[in-house]
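Structure first, commentary second.
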Amino acid sequence: MSSKASEVLSLLKRDVLLGNLKRGERLDGRGPEDYREIKIETGIIGKAEGSALVHIGDTKVIAGVKAEIGTPFPDTPNQGVQIVNAELIPLASPIFEPGPPGEDDIELARVIDRGLRSAETIRLDELVLIPGKKVWTIFIDIYSLDYNGNLFDASGLAALSALLTTNLKKTEITGENIILKEEEQPLPVGRKPVYVTLVKIEDILLVDPSYEEELLADARITFIVDESDNICGIQKGGKKGFKPSEILKAADIAIETATKLRKILPST
Amino acid sequence: MTLYIKHKQIVVPGELIIDEGKYVVEGKVYCINKRYYSKVLGLVEVDEENKRIKVISLKGKYIPEVGDIVIGKVIDVGLTNWTVDINSPYTAILQVTEVFSKPTSISRNSLSQILDVGDIIIAKVIAFDFTRDPLLTIKESKLGKVTKGTMVEIDPSKIPRLIGKKGSMISMIKDMLDVDIIVGKNGRVIVVGKNPLKEGISTLVIKMIEKEAHTTGLTDRVKIFIEEKLREVKQ
Amino acid sequence: MKISPIKLIDENGRRIDGRLPHEIRKVKIESGVLKNADGSAYIELGNNKIIVAVYGPREVYPKHQALADRALLRCRYSMAPFSVEERKTPSPTRREIELSKVIREALEPAIFLEEYPRTAIDVFIEVLEADGGTRTASITAASVALADAGIPMRDLVTAIAIGKVEGLLVVDLNGLEDQYGEGDMPIAMMPQLGYVTLFQADGRFTAEELKEAFKLANDAIKKIYEEQKQALKRKYLKVAEIGEI
C-alpha cells in the first residue's frame, strides 16, 4: 500500500532528523522557531466571492468563499450563517484516500471554524437581510492541493485571506423582496485570527512542522491568535502529551510568530 | 527510599510503588526517573524477608507464551491446519504435523473427522513472537481432544491463585471432591469427575476463587465452602 | 458570540447552579458496570450521565487495519438521541467525529499499546444525558474503563473543562454556562505524570488566563482523580470484606 509506505519514516532518516534537531537545526536548514516561506495569492477564482491560494514552503492550500442568501438558524435569527468545510483530497498526498470526509478533514474544518467564530472574523450580525428570515450564508471551502506539513496554518491563512478579499453583492430590500445589485461591497470582517502550529519531538518545540517532522512528532498543538494577542482557539493533537510548561512556552512562541505572520496578510 | 504502598494493597495504573533501591520490583510495573509505578489495576505483594515487591494484575487477557498449556476451541478447519480460539487476542494455529507423530496424507474432509469445529483440545504453545499467530501442538501425552467433563472460564490473571502455592489449592479441591482438574494458562479449566454433583461443586469453587482471588485466608474459606456443599449433597 | 439572556454569575459571585467559580459539580464514578465488555465505567458529573465500554485487546477486523508494532486504539464517542433537549440524529455528527478523535488522542499517551501488536482496543462512549463537559467526563470514565479491562497504562487520564463566564475563569462549565459563556477550555491530564493529553480552546483567552486555567484545572483534576481511584478499588474492596485483605 503506497500510503503506508509514505507514513513510515525510515529509521535512518529519523536518526538524522533527531541528531540535527538536538543541534538546533532542521533538515531544511531552519531554526526551531523559523517559519517556511509564505506566499498568498488572492482573487484567483473568478466564480467565487473570495478566494486565496496559500503556499507554506511546498504545502499548498486553496480556499474559496461562496455566498448565498438563506435562512438563519432558529437560535440565532439575527445572524448570518458561517459554514466551513475542509477536504484532504487524494490529489494532495498519497496518504489521503478518496471518500467522504474522515476525522482528519472534519477536525481541520472544525478548528478553522472555531477560530473564525471566536475571533468574530465574519461579522455575522451585519449579514442579516430580513431579520429572522433571510441572511447571508457564507461557505468557506478549504481544499489541500499539496500536503507537505502544517495543513492547519495553511488552511487558516487561506480561509482568512479569502474572507479578507471577499465581496458581496449589494442588496435592495422592499418588503419580503431582495434584489441583488451589480455593485459589490467588502464582506464585513472583525478580528483577524492567525493559526500557528507547533510540534513536539522529544523535548524540542518546532514551529511550522514539515511532513517528516509531523511523522516524527510526539504531539502537536495549534494556537489561534488575534491582533490583540488573544488566543481564539487551541487544538492539541498527536499520540503523546505536553507538560503544562511546554504548552505555555508554545503559546508564547505562537503569539510572537503570529505577529510576524500578520504582516503578510492581504489588505481588505 | 520510600515505600508508598502496603502489602496486599490494591493499586491503579500510574500509582507510585517505590523508589529504586533496596527492593527487587517485579510484575506489572514500569520505571521512570528511578521510580516504580504500577501499570495495571493490581494487587501489591511485599515480601519483606526477601526484599521483593510484586504487582499482580487483577484482570487481563491471556497472552501466549511458549510452553504454556492452554485449552482451545476449534473454530475453523483448513486444508492443512485448524484455527483454534485460545481465549486470547491472538488466535492459534494447529498444524496437521503437530497432531500425528508420523507423516500422514489426509484430505480436508478427513481433517474435520479428526477435529471438528467446536471441539475442545488441550494443547501446548510451541511458538509465539507476536509477529505471527501462535502455534500449538497436541502430540505430547496428556494433550489432545477433550471428550468429557465441564469447562469453566475464569479471568486468566486468576489462574495462579487457583493453582495455589505449590499447587496447594488445586490439590485440595481435587482431593476433597474426587475430581480431575486440567488448568489452561488461558483461563479455561476442565473438571472431570465420576460424580456429576461433585463436578458441579468444583465449578462453583473455581468461580469463587476467581472472585475472591485478591483476598487472604482464601484456602480456608474454600475448604469450608466445599464441606458445606458436600453436606448439602448428602442431605 | 451569543449574548446571554440570563445572568450567569450573581452579586455574591455564585454561579447559576450555586457553585463558586472553582467548584466542580458532584461527581460519581463506578467501574465494572457492564458484563460483556472487558472493562467498563459509568460517570455522573452534575447532570451528565455517560457509560463507557472497553473491548480488547482483541483481534482486529478488518484485518488490514492491524499495526505490526502496537495495538490499534479506536474510540467512538456518541450521544444518544435523547441525551439533549432537541433529539439528536443517531448517525455520527461532525462534532462526534472530531470528539472521537481528540478523546482517542487524550487516552493514547497513557496506554502501553506496544505490548499488544496486531490487536485492537476499542473504546465505546455513549452519552446518555448531556449537560456541558461531556468530552472531559467521557475521558475520565474511559480511562477508568481501560484500567478496569486490565490494560497496562502509564497513568489514568483525568479531565475537566475550564471556562470563561462574564469575564471570569470558572471550573467545570455546566450546559448553560457552555451555551452562553465566553469560552471553553477542556483539559485532560495524566495526573501522576503531569502530562497534558487533551487541550482545546474555544472563545478568547489571554496568555495570562492560560496559566491561570492550568492552576484551576490542577485542583479539580486532583479531586476527580481520587474518585477514579476509589471507583476502581471499591469493587475489589467490597469482595475483600467477605474475607479479610
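As written, the chains take the letters A, B and C, and residue 1 is the first residue of each chain.
Going forward, a contact is a pair of C-beta atoms (placed from the backbone, for glycine too) under 8 Å apart; a residue touches a chain by one contact, two chains touch by 3 or more.
As the structure is a prediction and not an experimental result, all values here were calculated from the model.
Visitor: Greatest Cα-centroid separation from chain A: which chain?
Guide: B
Visitor: Point out which chain occupies the most central position, where each centre is the mean of Cα atoms.
Guide: Of all chains shown, the one whose C-alpha centre lies nearest the global C-alpha mean is C.
Visitor: For chain A and chain C, let me know how many angstrom lie between their CA-based centres, rounded off.
Guide: 27
Visitor: Take the average of all CA coordinates in chain A, do the same for chain B, and state the distance between these two points in whole angstrom.
Guide: Spacing between the chain centres: roughly 53 Å.
Visitor: Quick one: chain B and chain C, Cα centre-to-centre, how many Å?
Guide: 34
Visitor: By residue number and range, which residues of chain C touch two or more other chains?
Guide: As it turns out, chain C has residues touching two or more other chains at 190.
Visitor: Considering only the defined contacts, which chain A positions touch chain C in the complex?
Guide: Where chain A meets chain C, its residues are 75-76, 101, 103-104, 106-107, 109-110, 114, 117-120, 219, 221, 226, 229-244, 247-248, 251-252, 255.
Visitor: Within their complex, state which residues of chain C touch chain B.
Guide: Touch list, chain C to chain B: 38-39, 56-59, 68, 110, 112, 116-119, 147-156, 190-193, 228-229, 232-233, 236-237, 239-240, 242-245.
Visitor: Across the complex, what residues on chain B touch chain C?
Guide: Chain B residues touching chain C: 8, 10, 12-16, 28, 30, 32, 37, 39-41, 43, 57-61, 63, 89-91, 130-131, 155, 157, 211-212, 214-218, 221.
Visitor: Spell out the part of chain C that touches chain A in their complex, as residue ranges.
Guide: For this pair, the touching residues of chain C are 1-2, 94-95, 97-98, 100-102, 105, 108-109, 183, 185, 189-190, 194-207, 210-211, 214.
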